[in-house]
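In what follows, a single structure is set out as structure tokens and then discussed.
Chain IDs A, B, C and D follow the sequence of writing; residue 1 opens each chain.
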Amino acid sequence: MISILAAFDPPYWLSTAIKVLVVAVIVPTAALILGILFLFKVMSWMQSRMGPQEAGPRGLLQLLADGVKFLQKEDLIPDKADRFVFKAAPIVVLMSTFLIFVVVPASRNLVVENLDPGIFYALAVASLSVIGVLMAGWASANKYSLIGGLRAAGQLIAYELPMVLAVVGVVIQAGTLSLTGIVFAQNSQGILGWGGLGLPFILTQFVGFAVFIAATQAELTQPPFDMPVAESEIVSGYQVEYSGFRFLIFFLAEFATAFAFAAVAATLFLGGYALPWINAGSDWYYVLGPVILLAKILLVSFLIFWIRFTYPRFREDQLQSFAWKVLIPIALLNIVVTAVLKVVL
Amino acid sequence: MTAISDREKLAYMAAQAADARINVELETEGMTLNIGPQHPATHGTLRIVAKLDGEQVVSCEPLCGYMHRGYEKLTEVRSYPQVTTLVNRIDWLGSFANEVPFILAAETLMGIEAPPRAQWIRTILFELSRIANISLFLGDLGLQLGAQTMGFYAFRDREYVLNQIEAVTGGRFHPNFDRIGGLKDDLPKGWIEETKRAVGKLRDFCDETDDLMMGNEIFQARTRGIGVIPADVGLAYGLTGANIRGSGVDWDLRRDNCPPGLVYDKIDWKVWTHPDGDSFARTWVRLQEVREAISIVEKLLDSVPSGPIMAKVPRIIKVPEGEAYVATENPLGEMGYYIVSKGDLVPFRVKIRSASFNNVSIVPWVARGAYVPDLITILASLYFILGDIDR
Amino acid sequence: MIPLSSAEGTTTDALDDTVVERDEAREALLEQVSAELGDAVIGSYIRPGDALWVRVDRGAWRAAAEFAKGGLQCEFFDFLSAIDWLPSPFGRDMDSQEDIAVHGKEDKDAPVMQSGFAGGDTRFQVLARVGSVSRGHAVIFKTDVPDDDLVVDTWVPVYAGANWHEREVWEMFGLSFAGHPHLTHIYLPGDFEGHPLRKDYPLLARRVKPWPGIVDVEPMPGAGDDEGGDGE
Amino acid sequence: MPKVPGLIKGLGVTFGEMVKTLRDGPVTVQYPHVKEEPTPRARGVIALYEENCTACMLCSRECPDWCIYIEAHKYLAPPRREGGKPRQKNALDRFDIDFSLCMFCGICVEVCPFEALYWTPEYEFSELKIADLIHDKSRLGQWMETVPDFEAYEAGSEAKVKKVPKP
């Protein structure tokens, strides 16, 4: 069965169509699953309540029900709003999420495009959502959303830097920028000669992992960094004037971005789709790869959402000083140490 | 017409500029932000007109009156039992605590004192409503600062106390249980054991709050040093309750000037104060007050005397002529009633001195130059309730 | 309870008729106030162990505040309000429908206007309570406001907390405060006419709806004794 | 135990809560399927025991919200002892409580001298139209079955337990 799969070699346009279809299909369904499992269920368990029970078996179709609810709601555009920009903003935010998935490998060949500067491309595309958020904040002609948009701009840019620096540590250790290369590196290197567990970079790059997770929380505008959507201060920031289908796009984009960043973090730090004792290149991964990747993603997302339900939120200036004065120096230090160890060992 | 009469704009901005460190030469134009009557941070319908420079509040003016029900006018046409039902809707979170000062003031005028058992149960219910009120404050403060989980824990644990209040008075929020000369009814069987268990659960809630919030570095970064109120300014504005004890003033009406109808002098308990006077201090004092209230309730529950629940009071109550002002330490601060009676069924004039009215009047002073998130923290830490402000 | 005290002089209310309780602490306080304000103290009243009322002349209202804050160390401002002593022409509005529909406007005997503790001879009276946390005492100051000149000078420079209270009294009673920095509505909408807490301001809610308490038990057929319901 | 930084302790609390909810069940119940029992003294709705009511109008006068409407007529009841004078009694024509105005304060139940009004903890009587919230005499009578018996009092109380007339 595997050999038939390997022999299947479609013309270029068909393969890209399949790949785009896969990414366009995988992302919403994955966001659906992730959204339900974590936000509704785990959050409700953490708050000693049952969570939604009515929609679907034990409430698992709740997000679908929400989606349909949003679809049939009227989506308003404030009359003084900048109409085109107002309509374009959610698309930009969602688009930046889809583009990240292009480089995330589910197995040696199951990747939309195995770009050499893979991680560099992913981080560059991730910062596209800043523009979308700023567009939403400006176009809604509403004081609260303007404040929300400006806060988001300041915050997302401030946290791009620590995220990139955290990734540099991994790149030094893996020696390559492309994500599949990083997965192979983690699979092949051993810990001081013992190759049993492979070397998921979380073990050596724990500081980088911590900085990456903190920066991801900020990119997703989740507590403790949810100033742009601080509902108790500026009433859900840039999303204030959105309703109906456009708000659904924002809502889905939030989960899809969380899923995307969790996928990148899983690939960089937890060994991506590969299990340590199976060689990263073997054909088993055509079937096994996506499942392992999904499991690791759920693990990382659990961490992201767990932090989200526990912490209060920073104030603007504390947020910025935390990025510039704490995260960036640590990330730089981490790079220096990794570089030195790379040379020495 | 906006509430602030439109004085000459530039002079206004220039005057405020010197005060709130605004850089006039950049001619940045301030923005008026309506933290409007419909806003999650105002516990109800309080509107704050804030003039902002960027995120910094140049000046702000709370506008109340969106929930003004005109209680003082209504009391002119209601007899004393009817006013009791009216009055427990002022501070609806700790609502038994509203009835007590009104009843005590009427008892002072009539020269009647409730039998010991009634006073004991009245004090127990007074402390239970304090626990119910302040435990919601702890949850709500977490909510205002972004930790939603705190809000759910508060509501979950508060239910046990509300069920106990409902078991004895019949109403969870509006007990309407206090009468001139005693209480309406006595305790049902098994209530004391059940209340001890409920109050024990509240003690775990306090420890959980300590772990989840008070020790949290982000929470401390958000509340320490924010909205500092020195003691003399606080007293000049008439701040009471945990707001003034947070600024180091060791003054509690339950101990210093306890009206005759409550039994705080029969047990020993401690008044908690904190020297800093910032938002963290006020929160910390309230958390200790809940723990103190729990130990007071446990001590009182062990020593409830037996005896009648109601003194000899005529069915139709005509309060003799005279005036009386009685204030008690309500969960929000000092709440007092100045009753003027002309000797007939209906009080002639009732001035309701509610705690939040004074507590909020200091917001323009304390919020000068604060950031918008800090304004929300200050509002959350002052802990007012709209019914209390607007009456 | 003896009837309300007369205007002049201090009367100590004898609660229990056996021994006349004396409340030295509050009398000492009263002596201090009288020494300071001299003849501006028009009347006073002490309920032993409870409260001290002092009625000062309107001119000395600000001086009383400054003395309370300085001399008596009353740094805690409790509240400031007003009383309208005019007896309400509407009563409890319970029989308002009845009396208009059936008996026409019956002229109730206008009850005589009395004033409370520490006397008072005008319709409006401003009262304020200030307390001392350090020394543990409190004083209720009162002053009369003549009907033709409803102005009292403000306490805001002495107690900043008086700002909102004076705005509320201005809005509800119509007594304006000279020198108040910002006298605008606090509760009522900007274009509200009338002063609701005045006794002659009708409570409309009760005049619109017929009172369900009117007894309309029809008489026994054929009995036709008393026309109205019994058990009024 | 070294001072665990607040951030980690916070995470521990929420994780512990999750484990506790999974282990011994959430605190909330799914309302339509599982219903929580209010306490016997809960003031849900007012029940009228018509035999005791003598239309003395005390409750409708004392009600702060003016939401009790009573109409009655007199009739001649047969004398208790033969040869005695026929007694004049009030027969209740209409006894409506408008629950859209009522604030459940309990003054009417308390002030009724003939113990004709009782509280029941029933709370499921919401209506689509607000006009249906006016419960007439028969509807108030139906609530009578749901009135729980008065509980016994705590030790040391001298109040005597009242009885609920069973129809």
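Observations, loosely collected:
Following the convention adopted for this analysis, contacts are C-beta pairs under 8 Å (C-beta built on N, C-alpha and C of every residue); 3 or more make two chains touch, one makes a residue touch a chain.
Quick caveat, the model's predicted, so the values are computed rather than measured.
Relative to the centroid of all protein Cα atoms, the closest per-chain Cα centroid is that of B. When the interfaces C-D and A-B are ranked by C-beta pairs in contact, the top one is A-B.
One finds 38 Å separating the Cα centroids of chain C and chain D.
Centre to centre, using the average C-alpha position, chain A and chain B are separated by 44 Å.
Here the CA centre of chain A is 54 Å from the CA centre of chain D. Here the spacing of chain B and chain D, counted between their Cα centres, is 29 Å. Touching two or more other chains at once are residues 46-49, 309-311 of chain A.
Of all residues in chain C, those touching 2 or more other chains are 94, listed in ascending order. Shown for chain D are the residues that touch two or more other chains, namely 7, 10, 13-14, 17, 27. Chain contacts here follow an irregular pattern that is not a line, a ring, a star or a complete set. Pairwise, the chains that touch each other are A-B, A-D, B-C, B-D, C-D.
Taken together, the chain C residues at the contact with chain D in this complex read 94, 209, 211-213, 215-220, 223, 229, 231. Note for the complex: chain C touches chain B at residues 1, 3-4, 15, 47, 50-51, 53, 75-79, 81, 83-84, 87-88, 90, 92-94, 114, 116-117, 127, 129, 133, 136, 138, 140, 159-161, 163-165, 172, 184-190, 196-197, 199, 201, 203, 206.
Those residues of chain D lying in contact with chain C across their complex are 55-57, 60-61, 63, 66-76, 88, 90. By the touch rule above, chain B contacts chain D in their complex via residues 78-79, 81-82, 85-86, 117, 149, 153, 156, 159, 163, 166-172, 174, 176, 184-192, 208, 211-220, 304-309.
On the chain D side of its complex with chain A, the touching residues are 7, 10-11, 13-15, 17-18, 20-22, 26-30.
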